[in-house]
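Before anything else, here's the structure in question.
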Amino acid sequence: MTAPTRPPRLAGEGRYGKVVDAAAAMALFHDGAAMLFGGFGSIGTPPLLIDALLERGVRRLRIVGNDAGYPSHGVGRLIRAGQVEQAIVSHIGSNPIAIQQMNDGLLDVTFVPQGTLAERIRAGGAGLGGILTDVGEGTEVEEGKQVVEVDGRRYLLEPALRAPLGIVLADVGDEYGNLVYRGTARNFNPIVAMAADVVVAEVRTLVPAGELDPDRIHTPGAFVDYIVPGSPVPGGIPAPKT
Amino acid sequence: MDARELIARRAALLLEDGELVALGIGLPTLVGNHIPPERRVVLFAEDGIAGIGPRPAQGEEDVDLINAGGEPISRVPETAVFDSALAFALVRGGRLGTAVLGTMQVSDRGDIASWKAPGGPSPGMGGSMELAAKARRTLVLTRHRTRAGEPKIVERCDLPLTAPRAASVIVTELGLFQVTPQGLVLRERARAVSVDDVRAVTPCRVETDGPVVVMEDVLERGVGGTTDGRAEGGRV
Amino acid sequence: MTAPTRPPRLAGEGRYGKVVDAAAAMALFHDGAAMLFGGFGSIGTPPLLIDALLERGVRRLRIVGNDAGYPSHGVGRLIRAGQVEQAIVSHIGSNPIAIQQMNDGLLDVTFVPQGTLAERIRAGGAGLGGILTDVGEGTEVEEGKQVVEVDGRRYLLEPALRAPLGIVLADVGDEYGNLVYRGTARNFNPIVAMAADVVVAEVRTLVPAGELDPDRIHTPGAFVDYIVPGSPVPGGIPAPKT
Amino acid sequence: MDARELIARRAALLLEDGELVALGIGLPTLVGNHIPPERRVVLFAEDGIAGIGPRPAQGEEDVDLINAGGEPISRVPETAVFDSALAFALVRGGRLGTAVLGTMQVSDRGDIASWKAPGGPSPGMGGSMELAAKARRTLVLTRHRTRAGEPKIVERCDLPLTAPRAASVIVTELGLFQVTPQGLVLRERARAVSVDDVRAVTPCRVETDGPVVVMEDVLERGVGGTTDGRAEGGRV
């Protein structure tokens, strides 16, 4: 868990200075950077930011999120390009290149049960030290873990996860950074937005502050440091692996 | 009726009206095709949705709507979307009624081993540990033996576990087994096999407790049959 | 923390058998019942269910929620009627009758810091054993608490909170139990809906399933056991205490 | 200008453009009236809202929109509503820039004691512990002494603490103090008092470090003055 630090400040556009393009956001990323990412399988990972990371060629990324995407989608594209050194994920089953890199010792993968991973990220975002769960008891997941008793029941202590950087994809965002997700592209995005010191949100549609219904907002703008507008609506999704 | 269809159809009848149900990848997915329409089963996927409708026709997919297996899905009247943390809060918090899962091995005390195949590293457990361990009831659907003829129902899993003591009911093409503290109880058998036939290909003790019903008869009656999987044995 | 149990089943109306009136819902409540409640100050606590609890005269209630309401609003009405024995809350400052009862030894009050209380309830709803927080360190809140170290930092272990019953107020609900809250009447309601074995949701407007936008739903219907329609829109709010 | 107005106006100038800010009940609430319009400060309340506008005219209140003190509020362009768990996630997670709080006592190392008055039980701490301990910067606003003439800035709080080492800056009607590892540093004084006057009514060591500016001059200049409260001292 990284303690919250003050984000470096880019000069953005818009009423709150948060609106940047993907290329400008790259000033935040450096070789060896640790990054949380939203997304689940083929959807919910910001494509323009992945494009920019590919173009800039940022290397030795350490990434935390649900899975390794597909070779053609999400963080799978960074993995295919050899830009990822370490991944904390729940599975890499949809990305054969990631499996190959893991088997070849090129990609250091740590597997965490999906719900535990989501909750550890949320705990990081919520300023908590970790979570207490019995998922994984009686399996190799419990090996080496601290065990805590509460009211006579055993729980594994799974430490909170934060990262200096986080990238998310939303459907609509306003200039203050309030975000609305769409469908199951929501997935890990809201918790990633909570748990990174600097959050860059890519949005399909950017609106002025005040246009979103406050009751509909999924991620309050206070969690969001930068907004990258213009995310394309995908024309299709990859064939599922099964 | 082929083996997979028999298993899927039988499992579908175990699902209860009003239940929230997660279907695993592969054979369990077929169960969705056989749920009796009068049962209002609400399907769940751990990427963050409750209320899953059928795969849309090609070209009509919503690019923002997939299940945990990456397949396009549609909405139904009950549909709610949420984030992945809330999805697993539902599961761990006890609101997931039934998980229907495949497996590599399952033991006679309900241990499930489904995430690490023999030899070679695994691609990860995904959400399988939570679904197996935390659904109020876990049904395991599996062919009775592997293609190589190895048993899948075993006395003790030699593969790494997904969750210990998790399965309540096991459905194969040969029978329906309830997992009890005393071990497996055969509740139903396929018409083509006898109880002894089942025992002959199952390398652990298989008890009976009352009549062993024919699975195909249960399908014809269209009701839940001899067990709802919530009896004493297994976690319910 | 109470382990989840199967809810008793009332015969409700509607496509899912979940729609009941407040009087019928009272079959779930008994003297000595433990109950989580939504609400913050004057708003967000279901008025029809409080009316019904008053009318039925359920006694010795043990309640868990943010505060003691006002004598005229929320759970404050139950406290004024002498129906509450025990309260786990963050404050009772808006209810002089609760203060009096506490001072007279009639009401057993446990104070929990508000954010810790919210998170303990959410942890109960999320099937976790408790939370790890450093809020309260160096204060009397830490007295008697289990201390856990994560990566060399000290945290207090605060156990998860669940209850057999929970009552919430939403603006709109559908027959499956999907809920949409309005404004800051949301407050503790979504986490209460997660953390009770049996959840009764009072709604102002009941709609058929399918009418709510799935992306707008705050509480998925799978958390909700019963829906009580017809909650009145309040004509005013009490004067603030300050 | 009366004491409360001086304190509130001075504190308002400490708030930064773009910050998320929580204002406590009482004197801190007045700060909202004095924030320079060109600073886009977003006000937060722990019942679950970021982006708070002024109290609506009587009869125009939204029955579903109150702040943590129970007062009717209005929306602004930035407004987002969320549940109380997320509200405190924002606070503990480090996204609350500044908490502006009143207190009963505050010590020269920044200990805040605000929830239990002497004698008699307390009505509870509400969300005060989180705001005091977890804002990135905590400003304490207080009259310099109680009505009975007791000091509020003390060497050691004898009331139960809300949060240890939490205050970064203390503003009273006599001066603006920065809390540093070496104790209090007087950065500004009210025009009517000298540094020695301040020391005479403050029962702990008060250092100076460079010139001590006049608070009223800072108000006239309308800029943040000599400190933004984020220097070495105190938690920032």
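Letters A, B, C and D name the chains as they come in the text, with residue numbers starting at 1 for each one.
The rule is simple: a contact is a pair of C-beta atoms (placed from the backbone, for glycine too) under 8 Å apart; a residue touches a chain by one contact, two chains touch by 3 or more.
The structure displayed is predicted, hence computed values, not measured ones.
A.B. asks: Quick one: how many steps at least from subunit B to subunit D, stepping chain to touching chain?
C.D. replies: 2
A.B. asks: Can you name the chains that touch subunit A as well as subunit D?
C.D. replies: Common contact partners of subunit A and subunit D, which must touch each of the two, are C.
A.B. asks: Across the interfaces C-D and B-C, which one involves more C-beta pairs in contact?
C.D. replies: Here the pair linked by more C-beta pairs in contact is C-D.
A.B. asks: If you average the Cα atoms of subunit A and of subunit B to get two centres, how far apart are those centres in Å?
C.D. replies: Whole-Å distance between the two chain centres: 31.
A.B. asks: Quick one: subunit B and subunit C, Cα centre-to-centre, how many Å?
C.D. replies: 35
A.B. asks: If you look at subunit D, which of its residues touch at least two other chains?
C.D. replies: 49, 81-82, 85, 88, 91-92, 134, in rising order.
A.B. asks: For subunit C, write out the residues touching at least two other chains, lowest number first.
C.D. replies: 119, 122, 126-128, 133-134, 182-183, 186, 214-215
A.B. asks: Within the complex, which stretch of subunit D touches subunit A?
C.D. replies: 18, 20, 40, 42, 44, 49-51, 75-82, 85-86, 88-96, 134, 136
A.B. asks: Residue numbers of subunit C touching subunit D in their complex, please.
C.D. replies: 40-43, 66-67, 89-94, 99, 102-103, 109, 111, 113-116, 118-119, 121-122, 133-141, 171, 182-191, 218, 233-238, 240-242
A.B. asks: Spell out the residues on subunit C that touch subunit A in their complex, using ranges where they run on.
C.D. replies: That would be residues 1, 119, 123, 126-134, 146, 148, 150-151, 153, 155, 157, 159-160, 180-183, 186, 214-216 of subunit C.
A.B. asks: Contact residues on subunit B for subunit A in the complex?
C.D. replies: 25-26, 45-49, 61-72, 81-85, 87-88, 91-92, 120-130, 133-134, 160-165
A.B. asks: Considering only the defined contacts, which subunit C positions touch subunit B in the complex?
C.D. replies: Those residues of subunit C that touch subunit B are 4, 6, 15-17, 122, 124-128, 174, 176, 178, 194-195, 197, 208-210, 212, 214-215, 217, 220-223.
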